[in-house]
Amino acid sequence: MLIQSILIIAFGGAFLTYILGKASSALRDFLAVLISVSLTVLIFLAYGKTGEIAFASFMNLPLVLRINHLSWFFAIAIQTVTTLSVIFSLSYMKGKERVDFYYLMMLLCNSAMLGIVLSGDFVSFYIFWEIMSWSAFLLISYNRGGALYAGMKYIVMSIIGSMCMLIGIMSLYSTYGTLNIREIHDLISTASGEYLLFISILFLAAFGVKSALWPIHVWLPPAHSEAPSPFSAVLSSILIKMGIYGFVLILYVISGAALYLGLGGGSFRYILTLLAAITIIIPTFNALMQDDAKRLLAWSSIAQIGYIILGISIGTSLGLIGGLFHFFNHVAFKALLFLAVGAIEYRTGTRDLNSLGGLIKKMPVTFIAVLAGTFGLIGIPLTNGFVSKWLIYKTLILNNHPFLAFAALVGTWGTILYSYKLIHNIFLGQLPENLEHTKPAPASMKLPFIILSVVIVLFGILPGIPLKLINLITASLGFDLLNINIWGIASESGPLNIINIFAAFAVALIVVWFFFLISGKKVVISQDNSYAAGIDVPKGKYHYTVDFYNPMFRMIKPYFRDYMDEFYSQLVKALASLSDRVRRLYCGDLGVYVIYIVLFLSILVISKIGLNLW
Amino acid sequence: MNKEFKQELESIFRDITVNITDDVTPVIAAAKPQILAILRFLKDKGYGHLAMISCVDWLKEAQFELVYLVSAYLKGDNEEPGQEKITILLKTRIDRDNAELPTAIPVFENAEPYEREIHELFGIHFTGHPRLLPLFLEREYKIPPFRKDFDSREYVKEVFDKIPFVEDKE
Amino acid sequence: MDRNQIKKWLESPGKMGHKYSLWAVYFCTGCGIIEIPPVITSRWDAERFGVLPAPSPRQANLFLITGYVSVKTLKAIIKTYEQMPEPKYTVGFGSCPINGGMYWDSYNTIKHLDKYIPIDGWIAGCMPRPEAIFIAVTHLWTLIDKGMAKGYVKYRENYGRYRENQEKALGKLEWPRLFPIKDENE
Amino acid sequence: MVTVMKILEIIVSPLVALIVGIFFLGLFRKMMARIQWRYGPPLIQPVIDLVRLFNQRGFSHGAVFDLGIILSLAGALVLVLFIPIGGMCPLANSGGLLVILYVMLFAPIGIALSGGEGANPNISIGISRKLILTLSYEVPFIFIILSLMSYYQTISIVEIVKAQAHYHWSLFSPLFLSGVAYFMILPAMLGIRPFDMASAPQEISSGIDVEYGGKYLAFSQIEHALSLFIVIALFVNLFLGGGNLPVFLLKMLAVFVCGVFIHASFPRFRIEQATKYLWFWPTIISFISLIVIQLIR
Amino acid sequence: MVNPILLIIAPLSAAFIIPLMGYGLKRIVKFIPPLVMGFNLVVSLSLAPKVIKNPIIVFLGGFPPPFGINLYVGPLGILFSCVISLVGFIVSIYALNYIKQGAEQKYHALYLLLLTGATGIVLTGDIFNLFVFYEILCISSYALVGYTGEKAGIESASKYLIQGSLGSSLILIAIALLYGKFGTLNMADMASRIDSVHTMELFFPLVLFITGMGVESAIFPLNAWLPDAHSSAPSTISAILSGIAIKIGIYALCRVIFTIFGATDILQFLMLLGLVTLLVGEFSAFSQDNIKRMLAYSSTGQIGLIVFAMGVGTQYGISGGLFQFTTHALSKSLLFLTTGYMIYRAGSMKISALEGMGKKMPLTSVAFTIGAFSLIGLPPFIGFPSKFMIVYSVLARQSGLYIVFLALVLAGTVIEGAYFFKVIQAIYFKGERKDDRAKEAPLSALIPVIILVLLIIGIGIYPKVLTSILDSSAAELLDRIGYIKEALK
């Protein structure tokens, strides 16, 4: 009963907010926050429950809602991010036009995602999936101009994806007569190898588009950088993860671990991991070359997705735990980074990395937020990113996949470079003149920063809390339980024990700090008092951020141009010219039309007499 | 070649005196209004390089003498047989107090720093000069330092010696 | 050269440290700088005594002013001197910084450098040879030893007057005061 | 009893690292002087410099400026704990090579953060060069580490050292190519002459250390000494067996001397030449050795 | 129990009364079509439950089937007549003050004639009677296309006339051949005798029928008239044409193929034909800048989809096709009605002229978006269940070739999605409309739009309403023998 109430509140709340928005904006803001917070609480209460309820029927097919550990894990992530970004957008969207439409679409998208995660059968899954797609489309093309092209790219690719999914669902329905996930799981074991492969490829195409796997990632960078910041935070931290949920659903919930490993004679698993590895390398180097903060973060989201899929598709319990935990961490620090960039854009009006700088003195809290986010992204010990990445590396090396491990490790170093570029170009260095009097981020924006930073650090030091839950999930998916203590996984081969690293690090820090304090006084000087070979620091021109990794660009530019993007735009151009030629068929003069009719008649006759086609 | 060149010059411009010093470098002395015209004429004749502008302070006659050093770009030795590399000196005299002269930038752009320097050190105002800003000196000088009537020792006594030493307070 | 007397190290590490690791700022003013390369390379090797050219004033504690100081260079010298960390020593090279040298009557050079920044040691000579520089370094050691090389303290204490002189010579300075005005009169 | 030994080791190994590192710095300057026909400073000159630096009142640009330096030095110290020095390796059993790879990224990030706060373009150029250099030598380095791991089938460094115990060093085992590749990227990891464009005194007035005065410069010197020690210790442990303390230090000295000779004889690369070089020769060699190892396994 | 003959007589008689009333009561003329269509809707809805159990046979003029003309009112017929009267009722309300200029009686008379023709075809059991109503339908639609009187309208109407008459003459020849062969005009009688004749002789009439009816039902090579006709006709007429007229062509085609000839082996070819029509329709709509031509091309695309569904041949497939017919009737008329006033306000048919309408005409733009979303087949709208059934029916055939066809069909819908989204983006997210002339459509235009929107969302969420009548009509189409037994009882 709880699940139904969650969905009803979510959808009802969305429309209620829209209607109330017409009345008064304060009421609407209050209602939006109230709904999101109440939903978070409700989902929190649903912890540990499992169950199924059929709430409606469609074309004599029962629509079922189901909750178990896996869906609860995703639901809590979705709801927290949306609540934080709604709180963030209270002040971000003040004064912008069409805000009611924005809140309606944001809450609608959130409820659709909850629907996806809680749905027990494929029809409701497909319905919520479509609602999520086109509500996200309307939000991406919210700020006009370039966003339209990005929105168009997004919606066309996601429609193609959902068409493949529709074929997959329907062929399941036609072969097994039911679409309830639980029943299909039991029936599918009898399916032949090729059929399972056919179904998995169809579904993974749909989920690959949504989670921006490498060849079909093209829509993501423009979509993320053009969407309004609070929504691009939701978009990049959660909406992509619906693809990941789909991956887990298909690979483990439906076909089960054993079947998945045997799929396509074991080659399918290898291809998937290879794709994931490529998804790590290419976007990381692309992210290095971006000058727009949000585009850089968008490319980094694709790279982190590569990690998650790598973890999931490896097929070992450690890998799955690592993948799921990295999903949760990526939600935390990607939402944090996007909200922070949104706050900066809100204050300074620009997000071009070449024209920002020195904001550390002006926006300290945002700086700490970005610092925590990037430390998590890189996976520095004592942040949650480290634990999840470490699990993924461990399973890669133990299962003897050196080349995948290589891709993952180089990806980490690439992450360091582009995340440092983010910090350096925005916060460090000289403050340009026009940013002289930027105010710090408003209070309503600081709240999400603090919450997310605490999550990153807390789960970094005590990874046991989330790992216990993920352990339950992997157990429910047919993997063996790993003994997890509060500090990490105490498995036999080279255990990860955060306690040693944490203790060693804390001691070292204290010793060095003490040694630093006792060793003499220091003179604090202002930001522009810097050595400039004897002359005074030229205001505004003394900050080196343009093309931060220029020597590297010149090296890797030809190899890491986005070939897939060019390929797709060629495809669309060919399609348009084809449609022009086809339209010329209707050339407008009557004689030709009559000839068409006679031609049709003759084709019918020939095909019967001559070839007797029918 | 210098002969015909000399006749041609004298024919076009009236009261200018052209004399060839060490029978190589012609020295042209002209009045202030003709300077630009001559410069343009020389430039058209192929002398496209204004090497420098220097200024001489004749205190007794209360006049400044400006010397324009113009020469031809050496386009390879055997390019044009008649065109060996010769430099031409163009002199003009202007009176000392509120000295003022039209700028040569329309003809030779690279005259800009030369004129700024002369303005700073001699105090000659070049009309039409876009940026007559100080070039070298940090301080302001009532009498521009390069003028003959500027007494450097006296200036040092009056400015630098007045600055007291910094003794420790015992 | 009492470098290896451990007792002295234990008593006054600061002094000894400064004596035997003098890092000179890369600052080439006037004609004196041509004397520095032989000093730091293999012919005379100043590194034996721990004297190194330091790339930035932040890392240095010795400031060699080599050669005449024009009015324009004075601004750079003051800026660099102020950017050096606190216990710092300055050595004037040659006669020009002492009293203007042969440019004593020129309108464009600074006559007595120590009116603008405190100078701890002078090396006479119209460009002293490397041996003279080493003698200067040894003298600087003795000064440090006796605690007389207190140029930076003098600068801090009467910064107001120094600043006054500087502004007299250079006109309004655009960078802020190194020490706020209050500690001027205590 | 074991825990007391362990605590003792935890205290002793960073000190050993510090002493050896600083001694290496002194040796470095002395050898360079002797190569350039100069008498050169006494071996303990770095100690004198440190004493002098600690005596100077350095300039600080703000909280992150201090925290960055402390973070990088702490990172280097922690890293020392994970590397077996002679017999003792205090934190061997928590994570092995993987954690070493990870904790190695502390020092550059710490310095980058504090340098960035220094708001000087020389520093930004220095940091960008340092990070690009790190990225370029990481590629072959990861290949080498992976070939080591898959050859010895373990991720713990102590086991690798044990495996090479009785004198068949991995340098002369099938891992020879990885050893060669590691030696080719050693100058880049040490930051010495052919690859010291990140802290080039002439071009960008010592890059990252421009704004470091007094104790900041001291900390940066110590961190440089420690990273010198770590890189060479890692090489010795992984490829030269790394026996008990004196033998271990002797091997490190040998490797260090080769490093100094390379430093003395090479001009400084430009950063894209360095990346081109590092991504071409060492990467190919280490890639081949990884494939060879895979075939053997 | 109301005699179904009223469904035809009422609009026919009203069509003839209107010109007579022209003299005295000019104003009330425009209220007659909604009245009649409302009456028709009520009658067909009341007949629906009875008909599902057993069809009603009505003998015109008292003679039994082989001689007299009979009406066969089965679930299929009732479904079509319900949809015709519903769409006709809504469009006539819309036309109340949309059609102002020109001779109004002429418009309303022709309008009613068109609808009588349509209802007649759907209900009749006699092949020649079907041809007569077919002629009424075509001629009235020729006249209505050229109703506005400008040059483009006249030219496209004449083109439509020539192609339409060519098609109907082919049908007439086919009927003549059949009459010569079987001596009867009654469909059921003919169907019962069809097996006695060698199939090769029947081949030629079948081909003629397909080509003839293909022209009206806009199958690929024969639909050259449709883009010009629909784009130059006034919006109400193009709504009726693409909503109703083309579908009636398909009804006739299916009635001929399934009931009379029972030629099930031509279905494969029909499927291919539907696919080609869909792709050509979608492709040519993709790069259109004139909104009405784009909608016209999209109609050909949707027709292709319906023909494709009919071609599947199974019970589920045909009911999917019929569901798609209702979806397209409702959504396409909604789209045409909404664009009608948008073009009227914006002044030109160019999509670029419609930019920023979202702000000025919010309700109409929302209706347009819902219509577009339902045509693409997004979940909460009526398009989704119909596509759901079609995809399921194709996959139920479990053959590789069909899956390839299905993939192409879905690619077609993707292209359709692409150009519809382009228009939606233009309306909502592009440009700012400065001129104040573009204000919301009048109330009489909004009511039909709102009814259609409610229907689309209602059926979309709860499709069970239609599934019963769809299944029985598909069954009626499929079992020929049942039809014959009923008709000749």
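The chains carry the letters A, B, C, D and E, assigned in the order they are written, with residues numbered from 1 in each.
Keep in mind that, in the parts below, contacts are C-beta pairs under 8 Å (C-beta built on N, C-alpha and C of every residue); 3 or more make two chains touch, one makes a residue touch a chain.
Since the structure is predicted, the reported quantities are computational estimates derived from the model, not experimental observations.
Participant: Could you tell me which chains make contact with chain B and chain C both?
Facilitator: A chain counts here if it touches both chain B and chain C, and no chain qualifies.
Participant: What chain pair shows the greatest number of contacts?
Facilitator: Result of the pairwise contact count: A-D comes out on top.
Participant: When the mean CA coordinate of each chain is compared with the mean CA coordinate of the whole protein, which chain is closest?
Facilitator: A
Participant: Quick one: chain A and chain E, Cα centre-to-centre, how many Å?
Facilitator: That gives a centre separation of 44 Å.
Participant: Taking the mean of the C-alpha atoms as each chain's centre, how many Å separate chain A from chain B?
Facilitator: Here the centre of chain B sits 71 Å away from the centre of chain A.
Participant: Just the number, please: Cα centre separation of chain B and chain E in whole Å.
Facilitator: So the centroids are 94 Å from each other.
Participant: Distance-wise, how many Å sit between the C-alpha centres of chain A and chain D, to the nearest whole number?
Facilitator: Once rounded, the distance between the two centres reads 36 Å.
Participant: For chain A, write out the residues touching at least two other chains, lowest number first.
Facilitator: Chain A, residues with two or more chain partners: 523, 529, 531, 533.
Participant: Residue numbers in chain B touching 2 or more other chains?
Facilitator: none
Participant: Please set out, as single numbers or ranges, the residues of chain D touching at least two other chains.
Facilitator: 54-59, 205, 210-211, 214
Participant: Could you run through all the chain pairs that touch each other?
Facilitator: A-C, A-D, A-E, B-C, C-D
Participant: Within the complex, which stretch of chain A touches chain C?
Facilitator: For chain A paired with chain C, touching residues are 523, 529, 531, 533-536.
Participant: Report the residues of chain D in contact with chain A in the complex, numbered from low to high.
Facilitator: The touching residues are 10, 54-62, 64, 66, 69-71, 73-75, 77-78, 81, 91, 93-96, 98-99, 101-103, 105-106, 108-109, 112-113, 116-122, 124-125, 127-129, 131-132, 134-135, 138-139, 142-143, 146-147, 149-150, 154-156, 205, 210-211, 214-216, 218-219, 270-272, 275-276, 279, 290, 294, 297.
Participant: Note which residues of chain C are touching chain D in the complex, please.
Facilitator: It is residues 3-4, 9, 13-14, 16-18, 20-21, 23, 26, 41-42, 45, 47-48, 50, 55-56, 58-59, 61, 83-87 of chain C that touch chain D.
Participant: Give every residue of chain A touching chain E within the complex, in rising order.
Facilitator: Listed in rising order, the residues are 58-60, 123, 126-127, 130-131, 134, 137-138, 141-142, 144, 147-148, 151-152, 155-156, 159-160, 163, 166-167, 170-171, 173-175, 575-576, 578-580, 582-583, 585-586, 588, 590, 592-594, 596-597, 599-601, 604-605, 607-608, 613-614.
Participant: Can you list the residues on chain E that touch chain A in the complex?
Facilitator: 159, 162-163, 166-167, 170, 203, 207-208, 210-211, 214-215, 219, 221-222, 224-225, 227-228, 263, 265-266, 268-269, 280, 283-284, 286-288, 297, 373, 376, 378-380, 384-385, 387-389, 391-392, 394-396, 398, 403, 406-407, 410-411, 413-415, 417-418, 421-422, 425, 428-430, 463-464, 467
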